[in-house]
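Data block below; observations after.
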Amino acid sequence: MAHQLGQNQYGKAENRIVRVTRTGNRHEIRDLNVSVALSGDLDDVHLTGSNANCLPTDTTKNTVFAYAKKFGVQSPENFGILLARHFVDDTPPIHRARIRVEEYVWDRIEIPDNKARFIGSEEIGHSFVRRNTEVRTSEIVYDGTNVQVISGLKDLVVMNSTNSEFWGYIKDEYTTLKEAYDRILATQVTARWKFGFSGAEGEQEPNWDRSYQQVRKHMLEAFAETYSYSLQQTLYAMGTRVLNNRAEVDEVRLELPNKHHFLVDLEPFGLENDNEVYYAADRMYGLIEGTVHREGVTPVIPVA
Amino acid sequence: MAHQLGQNQYGKAENRIVRVTRTGNRHEIRDLNVSVALSGDLDDVHLTGSNANCLPTDTTKNTVFAYAKKFGVQSPENFGILLARHFVDDTPPIHRARIRVEEYVWDRIEIPDNKARFIGSEEIGHSFVRRNTEVRTSEIVYDGTNVQVISGLKDLVVMNSTNSEFWGYIKDEYTTLKEAYDRILATQVTARWKFGFSGAEGEQEPNWDRSYQQVRKHMLEAFAETYSYSLQQTLYAMGTRVLNNRAEVDEVRLELPNKHHFLVDLEPFGLENDNEVYYAADRMYGLIEGTVHREGVTPVIPVA
Amino acid sequence: MAHQLGQNQYGKAENRIVRVTRTGNRHEIRDLNVSVALSGDLDDVHLTGSNANCLPTDTTKNTVFAYAKKFGVQSPENFGILLARHFVDDTPPIHRARIRVEEYVWDRIEIPDNKARFIGSEEIGHSFVRRNTEVRTSEIVYDGTNVQVISGLKDLVVMNSTNSEFWGYIKDEYTTLKEAYDRILATQVTARWKFGFSGAEGEQEPNWDRSYQQVRKHMLEAFAETYSYSLQQTLYAMGTRVLNNRAEVDEVRLELPNKHHFLVDLEPFGLENDNEVYYAADRMYGLIEGTVHREGVTPVIPVA
Amino acid sequence: MAHQLGQNQYGKAENRIVRVTRTGNRHEIRDLNVSVALSGDLDDVHLTGSNANCLPTDTTKNTVFAYAKKFGVQSPENFGILLARHFVDDTPPIHRARIRVEEYVWDRIEIPDNKARFIGSEEIGHSFVRRNTEVRTSEIVYDGTNVQVISGLKDLVVMNSTNSEFWGYIKDEYTTLKEAYDRILATQVTARWKFGFSGAEGEQEPNWDRSYQQVRKHMLEAFAETYSYSLQQTLYAMGTRVLNNRAEVDEVRLELPNKHHFLVDLEPFGLENDNEVYYAADRMYGLIEGTVHREGVTPVIPVA
């Protein structure tokens, strides 16, 4: 019996690409992980075994590398938009492209006191150490008309060692938690934020790199400056701070695992633990998720 | 400036629970990872710092353990339905509960030739080895009226060492892939399938454990029996096979990474590689995703 | 200032290879991860920048694939011995080779009721599902004279839901643990065992595959049949059982993390937990390691 | 049949501890993962089921937390020495203790333009973001007489985008690699270095934190400043640089996976790739390991 084919997409995932730009001795690098997902007139591919409308995933990989050469990588968002437009505009059976990009950040290795002995080494501009901080993310969707850009980050781990309380909650028959008036609040931020940018003709692209740095800064500051009565409250403060400061963003979604730090009971050893010694737990963890958006905007970032 | 609070949810994630049922010397175990996410009248929690409507995530954890004792674990789905109904029906500010369950399977250790020396050891019914095969998954959502059950599996790795071709595709300027008339087809199946079951009064629950075994079996058989011209075609065959054989399921979604096995070029060494020696690549990989559903059914399983 | 170069080695790690053997419609596969490490006259490579004595790691990779074609993969151990002998015997500056092999096991997909529609499908012998059980490991070292084989496994997860106690231990000022008279004992076995085999001329190789199955079986049986007063006691029982039953093995080393399953306190909810509901913890964990060897044998398996 | 019990050890692994030191509004944190392994008169524990000589792993965990309160965490090394001395000196059956510590680094969240609204917020000294850079490691062994300290780091990822060549190597029948005169050299450094410090009475402890920063700096500088003809040569340069600059260190061992960055062939697309576009591969990878030590010192850092 035949059944309906619903939403489907395909492409090459996790193309790991390093793009070097050389200006004399000084190199710049961008280190990306690019995933392509295409949709369109693909019923026959699923139903009949005909691949006549199928652009091979291998070709989508080649395109990522060739585009990095031809156009460089100005930013993950700009690069993703170029790719998405190409796949849809230049491949008739393809009607929608989703490009996901992760970026890994590298710093230059500092050589305060240069001891290099090879010729031309007086200025070392080609040595890098990976910062390994949070991963910058971006998702670009293009359907032939509109561009939608959702940027974000993951693995940004933050902690307040005080100024966090949790009390006044529901107590039902399964509640044993004691109210806390001074606790550690720590979380590993996953954030996504949607831009108002729609890719209309003549529309100016935001300065994606600067926007990223500013959104990140405002989230960190809001985390640090919020006296917290719940991680939910901190989440809302972080989202609001971004919207208040970055006009190009109209929706923010945050996933904040509560990385529990439990105060260790040292009384059996005759010691008082005055909020000094904590056990950092792995699992279970609270998981707080939520969207904050401007009035009048229909939120689109999906629940994970 | 105040902004809108959109979709939000919270709860305790990854509650790792082992439930032992002892019938004399013979024990049964179920090994689960249970995640709770609750939504409802939670604006104040985010906006004002009042937790009056907040059931602590710690309480949701306690409830999981207490329910395992009170009701046992008949199946992940049944257990999840019990929990979801409890959180919504018994906690006025909570209007929606989503329970996700992973299950890990254990086999009994076989003792063909019993050498145990302690009293009562003639029948060893308490020793287990984890099968480490695919993880069984389940997601139960209850909104006070309807129950929606989406079950699934992940990390089921399969391979056909022949009977797979790929040719006749689009060739654009970035295409270098050579057509293949006999290739390895391997994938790591992530599948989710939705049940028609809605939890209406008097409605009979499916036999969840038997259903799981049967869906898994039909997917494996379809994978093995399909002569494949693309992974998309195999995907559709697997989804269709499940719908044709399991009336309780009305939608199937599959995510199939193409785990590339590249034929190694042995010609430089004077050797012919007659489809015998392959290099198993990690990244990049093709990623094929799609939904198959019955006519008249509105698909609900979200894109990952 | 010049300093001494001590132990050094190099090679290509994690060569992922799948070897298919086709006998008509029935295929056999072996799925390996092979790592090569070579030592020898390599001072110049480190000190002067001369690579005259350096066999490239890329060549070691090619050799793994070419040997899989030329000789097949009888077993991880046999394949490793062939490779180790080649690198040392055929490359004058190389004096020692260490080959590490991991093997992943696949089962055939069972088709009890064959529905395949393509020609020749009546007997499907090319479809596999990965068992994902423990990983089989092997390390072969050859120094030009002797072969040393240490086989093993990892990620074999086992549990006894009773017949484990722990009491009578030291109580110092930091001891709060309560004695346990019926607890879950669970561990994730990493085991390595050394063979007496030395690769002397005319010496018969053990049946490596059969030996592996038997060692594994005896460890599982010893785990299940031992009434345990400590994980150390279980460790010793497992090692002894192998030595008593497998003459080809003369040393066993085990690393047994104590995967704690804590009895959940259900009293606050008016429920008694009669060893039924456990919380499976991730970290911290006890870690028990030890060697058991035959009298007169000098143990060589290193501490991890 | 009884067999010999060889090397054995036990203890609680991966105790995750965060130690907060509060000086008014300004907090300091140290975030550690501490693993304990004890050896001694433990034959009975393995052979007879008597735990009379067994200090429970749970007690070793409690001790880690209690010591963090009592003595603070001056440095991972100092903390490990305190613990190791305690377990051996204060527990008669324990004759040897090995303490392993990992440390995770946090930076303060910068608030350039303070917007906090709660009282006392003018100086935020309790908000941190995890740097997620390399992990600092330390292993302390105490046998009742001597202390041995091996410190290190892992997951330090570095790259030179030029000034690396590889040619002039052995060409055998399996060699296909082309010589390279300008390649990317990237690696993920795992390093361990042994201190001359032996813990004799009156001996001054090094400034562990400063030593760590300096060793790291010298390794990074040596990596950046070495014009490389092989990763082995870079390894030797890194080890030598540390020994030349840090008198407290007398042995260095490095494990350097060659994180291959392959130049992408863009010729099929009519593009020249002038060392601009690379594919960053995961596996296989070269693995280069080696020890550099002072003359007259017997190296002790084991092969991984």
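List of remarks:
The first chain written gets the first letter, and so on, giving A, B, C and D; residue counts start at 1 in each chain.
By our rule, a contact is a pair of C-beta atoms (placed from the backbone, for glycine too) under 8 Å apart; a residue touches a chain by one contact, two chains touch by 3 or more.
Predicted model only: the values in this text are computed from it and were never measured.
For the interfaces B-D and A-B, the C-beta contact count is higher for A-B.
Relative to the C-alpha centre of subunit D, the farthest chain centre belongs to B.
Computed from the mean C-alpha positions, the centre of subunit A lies at a distance of 29 Å from the centre of subunit D.
The distance from the centre of subunit B to the centre of subunit D, each centre being the mean of the chain's C-alpha atoms, comes to 37 Å. Subunit A and subunit B have CA centres that are 25 Å apart.
Shown for subunit A are the residues in touch with two or more other chains, namely 15-16, 62, 66, 174, 176, 268-269, 282-283.
By the touch criterion given at the top, residues 15-22, 27, 29, 31, 62, 65-66, 68-70, 106, 109-111, 114-118, 121, 124, 126-134, 155-163, 184, 220-221, 223-227, 261, 264, 266, 268-269, 271, 273, 275-282 of subunit A touch subunit D in their complex.
Per the touch definition, subunit D reaches subunit C in the complex via residues 1-16, 35, 37, 42, 45-47, 49-59, 61-63, 66, 90-91, 93, 166-170, 172, 174-177, 229-233, 235-236, 239-240, 243-244, 251, 253, 257-258, 283-295, 297, 299, 302-303. Considering their complex, residues 173-174, 176, 268-269, 282-283 of subunit B touch subunit D.
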